[in-house]
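Chains: A, B, C, D and E, in written order; residue numbering restarts at 1 for each.
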Amino acid sequence: MTAKPAQRLTLFLLLAPAVLWLGLLIVLPHVEILVLSFSERVAPRVYAFGLGNYLEFFTEPLYWRTFARTAFMSILVTALTLVLAFPIALYIARVAQGRLKAMLLLLCLLPFWVSELVRTLGWMILLRETGVISYVLLATGLTEQRVEFLYNDGAVILGLVYGGLLFMIVPLANALESLEPAIVEAGYDLGGSRWTVLRRIVIPHAMPGIVAGSIIVFMLTIGNFATPVLLGGKNGLWFTEQIYAQFITRFNWPQGAAFGMLLLLLSSAIVWLGLRLTGQSLGTTLKQA
Amino acid sequence: MASSTDLDIVNVTKRFGAHAAVDDVSFSVAPGEFFSILGPSGCGKTTLMRMIAGFEHPTSGDIRIRGQSMLGVPANKRPVNMVFQSLALFPMMSVGENVAYGLTCRGVSRAEAEERASRMLDRVGLKGFGERRVTALSGGQRQRVAIARCLVLEPTLVLLDEPLGALDLKLREHMKIELKQLQGTFNTTFAYITHDQSEALVMSDRIAVMNQGRFEQVGSPRELYHNPETPFVASFVGETNRWQGEAAPASGGAIAVRLPSGAVVQGQGRAASGALAFVRPEAVALAQDPASLSTLPNRFEGRVSAVLFDGAASSLLIDTAGFEQPVRAVLPQAGPLAGIHVGAPVHLGWTADAMKVFAA
Amino acid sequence: MASSTDLDIVNVTKRFGAHAAVDDVSFSVAPGEFFSILGPSGCGKTTLMRMIAGFEHPTSGDIRIRGQSMLGVPANKRPVNMVFQSLALFPMMSVGENVAYGLTCRGVSRAEAEERASRMLDRVGLKGFGERRVTALSGGQRQRVAIARCLVLEPTLVLLDEPLGALDLKLREHMKIELKQLQGTFNTTFAYITHDQSEALVMSDRIAVMNQGRFEQVGSPRELYHNPETPFVASFVGETNRWQGEAAPASGGAIAVRLPSGAVVQGQGRAASGALAFVRPEAVALAQDPASLSTLPNRFEGRVSAVLFDGAASSLLIDTAGFEQPVRAVLPQAGPLAGIHVGAPVHLGWTADAMKVFAA
Amino acid sequence: MNRLSLAWKLYIAAFYLFLFAPLLVVAIFAFNASPFPSPPWRGFTLEWFTGSGAVTGKPGVLVDPIWLDSIGNSFRVAIPVALLAVLLGTVNAWVLERAEFRGKTFVAMMMLWPLVIPGVVLGISILAFFSRMANGLEDWLQTDLDFLRPGLPLVVLGQLSFILTIATLIIAARLRKFDRSLEEAAFDLGASRARVLRTVTLPFLSPALIGAGLVALLMSFENFNTTLMLVGSESPLPITMYGQMREGASPAINAVSLLLMLGVGGIASVFALTSKAER
Amino acid sequence: AEKLRLLTWSGYAPQEVIDQFTKETGIEVEVTTSNNEEMISKLRATQGAGFDLAQPSQDRIAGPQAEFGIYKPLDMSKLKSDQFIGSMLEATKKNTTVDGKVYGVPHIWGTDGLVVNTKAAPKVADYNDLCDPALAGKTSFRAKRPALIAFAFANGMDPFAAYSDPKAYAAMMDKVGAKLAECKKNVKFFWEGSDQLLNAVRSGEIVAAMAWDTGGWKLNAENPDMKFIAPKSGALGWVDTFAIPSKGRNDDAAYKWINFNMRPEIAAKVAAAAGNFTASNGADKLMQGKLKDQFAESFPKAAIDNIRWYPAVPAGLEEIEGKVLDRLKAGS
């Protein structure tokens, strides 16, 4: 039929932007850093294929410790975020009505559209030794000296949890919202206590939201750069800083590329594991968000 | 001493703001009875049922189950269970887990709960379905799971909120009968909500017709159909012709109604000035020959304006002099008038007893 | 020369992969006719209609409108318009704009289109609704807008795909009659799809019963109801009792069917070995006294197992010796059997003509 | 039961306090007449916004070319990103929801992929790839291809790489809700394909198009991780802020932040209004 | 209009000087401020494109040039050599020569030493004193190579001598790393930007730090208790240069800018703005007294002789240092 070539042309034109986008901005760049990560410097301006950059990662405790620390803290942050966000999402989705609900959700959204740097700045003003909290503690006589809350892991975790909250609340609230009120009522009607209903009905129903939120928060946390750098101070080294350092202060792109690949692998692996353990699929999960 | 009623609703009122969703309603349901509440959308049926189940609290009045007041008893402690309009099966559990849920909540051991759930599934005709996901069931099967989930708890009272609403026509017809039979087998008291008069009529022992938060009439299906006490009941239950006019006295205890369009009709009832008159289509007698209707106080001439053939439920619309809207009658499928067609002249009439008159 | 038919479907087949959604269907619709296609869900009704409208292309066969083949004519150039099941009113436009849309597409000036749209709205009883948003209309009003939007284009043929599906019961009853009247006033040809037999029976001049992509029977409502040609039509159109058994010859041109549960029934039709027998509930005669049924070839004794009171549509289920399932009959509301109750013994019977027999 | 719900409400209140505390202190200390954004309160001043620099040593942000340039750069990135995201996102949404072809699920998965790539990795991979491309092309064409080198055009591409996914998802979600029989109805009533698109489909999509544009604008404005790796000589606002924050806290940063909050608040309210209109 | 894209340090191109340059030559100047690492990494990312003139430190030119080829050789004939302090020009040329070609000429110089709040920490006289437990949580240094070099000298090693022997250098750095790791608990944070440090010193969060001289003098001007001290083991001397990126598009303008900047009156202005010293011959005579006094106070004659000038860093060493620094930051 004559329609065939015309249809193919249309399809081709429609697909062109997606192919250009995914090809030029995603796939080929990743191929590039994959290739780059296997090149070793043998002399100035002379590079050869080799596994050196990866060997370096595994033989230098500094790197894999940073890597493990980042992964562990990201999981911790994700779990904390989930625990903190759940009651909020539950309230927004199931208790608040009409205007209050819209307000609460909007209020949740607002801080997150403001740059991460602004939020971090806020925490720095609050936490630093000469900052607001220390000042208030001193002024009220609760402490004798100014206290430094900044530049430690606690501050980093606080900042990261803060940064992840919204991305947890929205998918959770969406998932909880879709739970029919009648199902919860049926849970009570058949004799379930609050706890039974929460454990056997509400949480299983919210699972896709929990997984979606956790994945997003985890990805954002592990890929974060500014928050650990600015709040973490002298002790915290985040893995993204290692990548940044290799690219910017060491000019060692192949090593940085290897680190980038490793970060990508790590995060994909943890996401995959999370999906497997909870029996969810990525597509539906991300749509939830 | 055991109470002689399973449920007593005593002057219950529920207000949402200024609006009384349920307005001073009282009734009792006897053990083993199939009691229905029938009313149009928004009349307060669900609100009433939710108060019985414990999800809403009455503004005033008392709710007693087997004589014990339920005020202050939370939903999960009441001996009533509810079948929701949406069924509200737990999609995250298998069929067996759904049915066993209530038992495990009561602290029954896992093994025993499963055992009892599977026996209950047998009884509702779902033997071997325990492992299935609830999403893998047909509409009628889901229905039965929802009921099994309640019955396994052996409640004093089962509440059903339009449980057939989501089913398609053929299945609904079927489930009507099945539900009634299930209730008979278990001999449990059912309180059933619906806005579909046919459901209520077919299944119930007694029906309360509800309108705008109040009960209009409580009675058996036949009482409601044949002896409606209010114009609302007369028009809501069953097909009917309805006319509005002015009351005028008539002979023999009857009452006459003069329609604005000219006709005068005679019926039973009372009305002072404005009057509403109701006649069921099956009470309208048709004849080719006016003589055969001569004994009837209401006799008219008309012309068929539409034949609504629908098998056993067919009807005729007859444009009749003195009436604004066509009169509806049952289509004769046998006898001399069988095969009557649009435009044919016809004589029609009905007895005074067949026409109910109410004050407008 | 003008064609004497508005629509001719000639041996149309539509395959999706290996599955024939529409399988060698032919029919014609005369000008001004109300033609319905009735069939269960998934039988291919919508596919057929979409081919007429131009959204799908037949795998083989021809579609002619007023004698002109429509193959290769795109949907926006065909003189047919469609009322969608979802109505598909444009939510971003006002009621008036919705109705005027087709006119402006044809290049009619804005002022004239508005003028004609508002006249059309008057005619469907929506005077002054032109400025409203379509979301601010009730179900019945939206229905009328959808039809007005088609009729304003004065199409040869209007296609309606289950347009009443989304309405509630009372409104659907009302719209059935209104739709039929609208068609009468505009004298336009309607092709109407439905899976609701009552809709098809009440409104149509002719009905095609469709099953699994094929037409089972085409005829007037009465023909289908009283003289079904296939077992599918017999059970799909109207309530009926249905039994399966073995054919055996009987006297007087009749055919006998022996049921596995023992009873032997006599009816009209043909079958070699396996046979299906159908009797409508209203054809089942009831009596307290067996003598009054003595002329009937089919006579049985039973006991009432359920009274399904539903006003004029009430029925009885009768547990009858020799039958596996209860026999359904109309509930007598007058005469000696009025007030019959569950458990009462009763005699029942029917003529051989009333029972249709088909090969199983 | 009541104690539980009271505890719950208190928790909610504490949560919102927690949520807004950092923003509040940022806003408040933008007006403190002290060289550091920290207590004690030294009096109210607008120096950090409009000052000439005579008092604080640095000009206020509204007159300081560093900040004005960064804000300008942010717009020069955000506007193309938003426009491209809406345009290409619409086409992509169409592919996802309407087109039928083999490998569609693969393409759909690929479109989601950028969401699970850390921003820094996106940044370095694009940087590395484009610089290789530039080296190759420059040798071949014997001319400088600056737009392939770190700089605003590359930042636009880098941000687009993942913002496009989000725009696609937003528009596709709306398109999925679209009842296709509306298009068929319009076509049936005699409209040409172009007219159907113009009068039915696009009006229906418009809230999502606006929404996706605003979201893209906001995300571009606040993006840091990817941008950091791709900036050249001109930096958008977050990069400048980061540089200045490493230089040490100054109320000037608070002032910029407050402006940013006001801008975001404005855009967010527009967004809230359009999404309400959508319903 | 013609444009010069300048990649430099903050303070090296005051607006006043730019305006004057534009007025004289019609060339506009677009300034990007940066530091050594970022300058190199930007030029490395662009293969030397994007800028017409850069100002890396003299020790950081030869290595990256050998590795990435990001600079152009300078055409000395286009420069007015007599505008430079002769000895400094020669030293810089020597350090920035790769394959016989010169890549940098000096512009501004200064030192790294100690900034001390003498009231709060009167005893600080050398880098090691930053690790004094009495000052726990109140000191700071940059987690960058100068810290490594400084602590090496402070602990009796000579890192510059070990430049030629990467193995020995690595061993030395490991020792320094261990020393710094011990010292780390004393550190409040590793400072990144000079204002960050200065603010912390002003507010009293920090009482002693390894920092640039200019910062110390700035503080000193505000509060005489704050001083810049040349440490016992020697201040570290650095020189920032002019170098032309390999894909610079406007070399003419670049040379013009260099010659313009080295004019004594201009150099004096720049030096005043930066708070540092200039390699311009004769500019010091035009400089204000204050800075001179501060310099004199911080650098007695012996201290000047003791300044350790960075030699060019051979390629590869920075990697060794980087790892040590990373370990320092990661370990806790």
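Definition applied: a contact is a pair of C-beta atoms (placed from the backbone, for glycine too) under 8 Å apart; a residue touches a chain by one contact, two chains touch by 3 or more.
Just so you know, these numbers come straight off a predicted model, no measurement behind them.
Touch-path distance (fewest steps) from chain B to chain D is 2. When the partners of chain C are compared with those of chain D, no chain appears in both lists.
Looking at D-E and A-D, the interface holding more C-beta pairs in contact is that of A-D.
The distance from the centre of chain C to the centre of chain E, each centre being the mean of the chain's C-alpha atoms, comes to 92 Å.
Centre-to-centre, using mean CA coordinates, chain A is 57 Å away from chain C. Rounded to whole angstrom units, the spacing between the C-alpha centres of chain B and chain C is 27. Taken residue by residue, chain C touches two or more other chains at no position, since every residue touches fewer.
Along chain E, residues 203 each make contact with two or more other chains. Each of the following residues of chain A touches two or more other chains: 128, 130, 247.
Contacts between chains, counted with the stated touch criterion, involve the pairs A-B, A-D, A-E, B-C, C-D, D-E. Residue ranges of chain D in contact with chain A, taken from their complex: 4, 8, 11-12, 15-16, 18-26, 29, 36-40, 88, 91-92, 94-95, 99, 101, 107-122, 124-130, 132, 157-158, 160-161, 164, 169, 173, 218, 221-222, 224-225, 228-229, 237-238, 241-242, 245-246, 249, 253-254, 257, 260-261, 264-265, 267-268, 272. On chain A, the positions that touch chain E within their shared complex are 44-45, 60, 62, 65-66, 69, 128-130, 148, 151, 233-235, 237, 242, 245, 247-252. The part of chain E that touches chain D in the complex is made up of residues 5, 7, 30, 32, 42, 45-47, 49-51, 192-200, 202-203, 247, 249.
Interface of chain C with chain B (complex): residues 169, 176-177, 180, 196-198, 201-202, 221-222, 225, 237-239, 280-282, 306, 308-314, 317, 330, 333.
Against chain A, the residues of chain B that register as touching in their complex are 53-55, 74-77, 80-82, 84-86, 88-93, 101-102, 105-106, 149-150, 153.
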